[in-house]
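There are structures below to look over.
What follows is chain A paired twice: with chain B in the first complex and chain C in the second.
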Partner chain A sequence: MLLEINNLCKDYSTGFLGNRKIHAVDDVSLCINEGEMFGLIGESGCGKSTLTKMILGLIKPTDGSIKYNGEEISNLGEKQWLPLRKEIQAVFQHPQMTFNPKKNLYYSCAEPLRLFDMCDKSSEEYLVREMTECVGISFDQLKKFPHEISGGQAQRISIARALSLNPRLLICDEPTSMLDVSVQAQILRLLMQANKEQNVAMLFISHDLEVVHAVCTRVAVMKEGKIIETGTVDEVFENPKEEYTKKLLNARIEI
Partner chain B sequence: MKRVNRKNIILYVGIVLTAILVAVAILAPYIMPYDPTKMEISQKFIKPCAAHILGTDHLGRDILSRIILGSRISLMTSVTAIFISAFIGTMLGIISGYLGGAVDTIIMRIVDVMLAFPAIVFALALSTFLGKGQTNLLIAICCVQWTRYARVARGETIMFRDSEYIQAARAIGNSKTQIIKNYVFPAVISKIVILISLDIGTIILYCASLSFLGLGAQPPSPDWGVMISEGKEYMQYAPWVAIAPGIAIAFSALAFNMLGDGLRDLLDPRMKETVRTE
Partner chain C sequence: MKLLEVKNLNVSFMVEDEKVHVLNDVSLDISENEVLAVIGETGCGKSVTGSSILRILPENANISGEIYYNGENILEMPEEKYRLMRGKEIASVPQSPSTSLDPLMKVGDQVAECITVGNRINGKEKATLKGVVNGIFSKLKLPRENEMYDNYPCELSGGMRQRILLSMGIITSPNLLVVDEPTKAIDWVLRKDIVKELKALKDEMKCAMLFITHDLGAASIIADRIAVMYSGEIVETGPADEVLNNPKHPYTKGLISAMPSRGLNVMEGYMPSFTDTFDTCRFFPRCTEKTHMCDTQIPKSFSINEHHTVKCNMYCGGN
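Let's turn to the complex of A and B:
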């Protein structure tokens, strides 16, 4: 068991005097095995992104536990998280907004290598070149700034950057939702290749059912902060138990 | 289009005036006609004439020379004051905004207290503790002025703190210090630069008023504020002694204000005044 989440909750207080609670994530439990592609589907605003942020330690959960390799990570401080960043990486929804807007892309690509002292100055350029060519981006493109390249290119670079640290777990928060269909296929191929070659486990979050169907082995369905159904892709897609899942699947067919 | 042109004119005029001022300050020893501290009692209160373009003061010193050398003191003091306070303010503001919580509350309450004091009164109060002199003038101005930068830097930081690219930066493994250094600071600094250029004019006026009140540079150094303070005694029959440095102060404040306004409109369209129908 690589990642184990038990009864995870995140509440936000709103209203006058903060007396109204909103359960963004409500009693969520799931587990991801070594090298597994795990899908998480659900409509917009159901708490998927809140969940990823908690797994990445960007926000603190209200209650519950997140265990990575058997160790509790939900209560770690900023400093204790740093060594774990190498193991748990993320690909975000808006590729252009994941890079430092004031620096060129070479800086962003070399950033993880520098942060974790993975190479010396002389081999840095070689490693960056290798890692970007892996995802089909020419080295010259790296002279550009994040806003100067297309979404597809940016997403490929951000995947290359995340994979350069050899993570054990990759959180993909809707990595293809901002891209057009032809680019989507490239990105998915890239992710599946990484899964096969580096044995990276992935939490693949999406509201695109076909993508999840194509990529994942197990899937969970989320609604209003709760996970209402879990199972293998075939189980859930062929034989949904919950009404909501059926509705989601039907919506796909109608379109 | 007309409006854009008008703004550009302000910027260009500001650049030219500031350039003149800086050139005078740099070239001061070469262009001043007399030794600004040389006293010749027999030559006192000469009206502006060909030999002494702006006349002489009560000790027979050439006013033009004093004003030319005084531009150095004036510029040096205000530029130093502004950079020290911008540095302190930006750092504290970013830390305050990024860390939030108790740190933020403490720093911002200090800022509130500082903002509640009228700057001049605060500086006078401080001078009773520290004594007179140029360094203490600098300290007094910095004590008040850093709050402006802290506020702006904090506001900007809070805007960026939860943005997606900072979260991505955290996820890729940046520590707090690295995020502040590589992400927050570059994003905040452009606003601070604009604020600095807007503030130099005000600081020149502050410096002048404080040295007029006797807090800053001490006679016989040719500080503009000190010159006005000395000249006011003879306002009745030798008005040029006080008026000339007054015009110099107004000129430099105007120059920097125009430069600042022009720069702000050029670099930051969001802060533009509301569009007027002309």
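Let's turn to the complex of A and C:
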């Protein structure tokens, strides 16, 4: 088992004097196997993003444990996290915001390679060229700045950048919700190819059930911070047990 | 007579002394009480079409062609006259609900403003106006309808703001409503509801609609007819179910089969840039069904049947 989450909780305090508690993530348990495409669905505000932030170690959970490869990672310090960053990578919803706006795209693509000393100066350009060409971006495009390219291109570069470190777990937080259907198909194909060829496990977060159905093998449904249903995609989509899942499934538009 | 008729509309923008040709010979028409959905990828010129009908394009735009509304050419109308029509007879629901509302004004007042248009009103009128606004809010199923009037935009979620914008569009009961990407900011669960509400409202008010979207699912619910746009050109127009279930143009076919439920097939390549010049079909580099003619000829529009036209050389012999 690659990632194992047990009874994970995160409370936020709000209100005057901070005495009102909001349970953003409430007693969540799930596990992701090696090389598995795991989908997480739920409407906006149900705690999906809080969950990803905790897995990435960006915020500390209030309670519970996150185990990666059998090791507890929820209480690691920043220094201890560094080697793990290479193994757990993320792709976010707004790709343009994940690039440094003051640097060109080549710099952003080469940065992870430099950080982890994966190559020397001479082979760096070759590696960057190779990784962007496999997502269909020509090398000239990398001279541009993040605001000069379209959302679909930016998302492809951010996927290439995440995969360049050969991660074992990729967290995709709504990677296609801002994109057109035709570009969405390109991005999803790319992710499925990475899963097949590099055996990357993925936590695929989306509110679009069609996408999850097409991409994932197992799926969990989240509502108000709790996971209410887990199962294989066929089980959950063909034969939903919870009312809420049925409601979600009803919201899809068949054409 | 058609309610709206756009004929050979060409729009170009002057960007740093360079002419960027965005719309190329766009022709479309909308009858009364009909919904025409314009679908296409981001940056294909859908919103520019909507903005030219509303005459809200920036100053560097160069427009040629004709747009007839009820038989009158609105491109030649004096601004004063058109301003009285815009908002009242031709209303719009803009994109991006987060930036289209005044952050310092109560949402109810913003909606009411569409009727009063800045005129001072007395207390009694204000009370009735508030009733009208609340009525619209409850029709759009906004929660806490009686308190909603006094909220500020920052207190509302994206979906709620979108519905506030919708109510601004429909409160004057216009004859033509230009709706730009209404489902973009909305949660997946709400999307179907909003489109259905919009459809119900349209039937109730008997208004025609230009529904600009890239969401094929939403278009399939609401549209009577669909126009598919690619790189500033309309490549296919026809009845909604015919276009969706029996697409003729290779681009429409590609778009539909790229949907997750239809196989997630990738169309190779990308839309050309507007600064390129074209001496073949604009879809030629990506087309999977090109013939020997496509090398040399820019396709014209061909009719498949009375209502269905396609701009593709494949159908030049009539089909």
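Heads up, the rule we're going with is that the second predicted complex is superposed on the first by the 252 of 255 C-alpha atoms of A that agree within 3 Å, B and C clash if a C-alpha of one lies under 4 Å from a C-alpha of the other, contacts with A are read in each partner's own complex, and residues count from 1 in each chain.
As a convention for this text, a residue touches a chain if its C-beta (ideal position, glycine included) is under 8 Å from a C-beta of that chain, and two chains touch if they have at least 3 such contacts.
A quick note: this is a predicted structure, and the numbers were derived from the prediction, not measured.
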Specify the outcome, clash or fit, for chain B and chain C once both structures are aligned onto chain A.
fit
Applying the touch criterion given at the start, work out whether A:140 contacts chain B, chain C, both or neither, answering first, second, both or neither.
neither
Where does A:197 make contact in the superposed view: on chain B (first), on chain C (second), on both, or on neither?
neither
Touch test for A:99: chain B only (first), chain C only (second), both, or neither?
first
Examine A:207 and indicate which partner it touches, taking first as chain B and second as chain C; both and neither are also allowed.
second
Touching A:243 in the superposition: chain B (first), chain C (second), both, neither?
neither
Output check: A:117 vs chain B and chain C. Expected answer is one of first, second, both, neither. What do you get?
neither
So after superposition, what is the minimum Cα distance from chain B to chain C, given in Å?
16
Find the residues of chain A that appear in the contact set with chain B and again in the contact set with chain C.
none
Seen from chain B, its contact residues with chain A in the complex are 163-165, 167-176, 178, 182-183, 186-187
Would you tell me which residues of chain A are touching chain C in their complex?
43-44, 150-151, 180-186, 188-189, 207-211, 213-215, 247-248, 251-255
If you look only at chain A, which of its residues touch chain B in the complex?
53, 56, 58, 78-79, 82, 85-86, 89-90, 92, 94, 97-103, 111-112, 115-116, 158, 161-162, 165
Spell out the part of chain C that touches chain A in their complex, as residue ranges.
41-43, 157, 187-193, 214, 216-218, 220-221, 244, 254-255, 258-261, 264-267
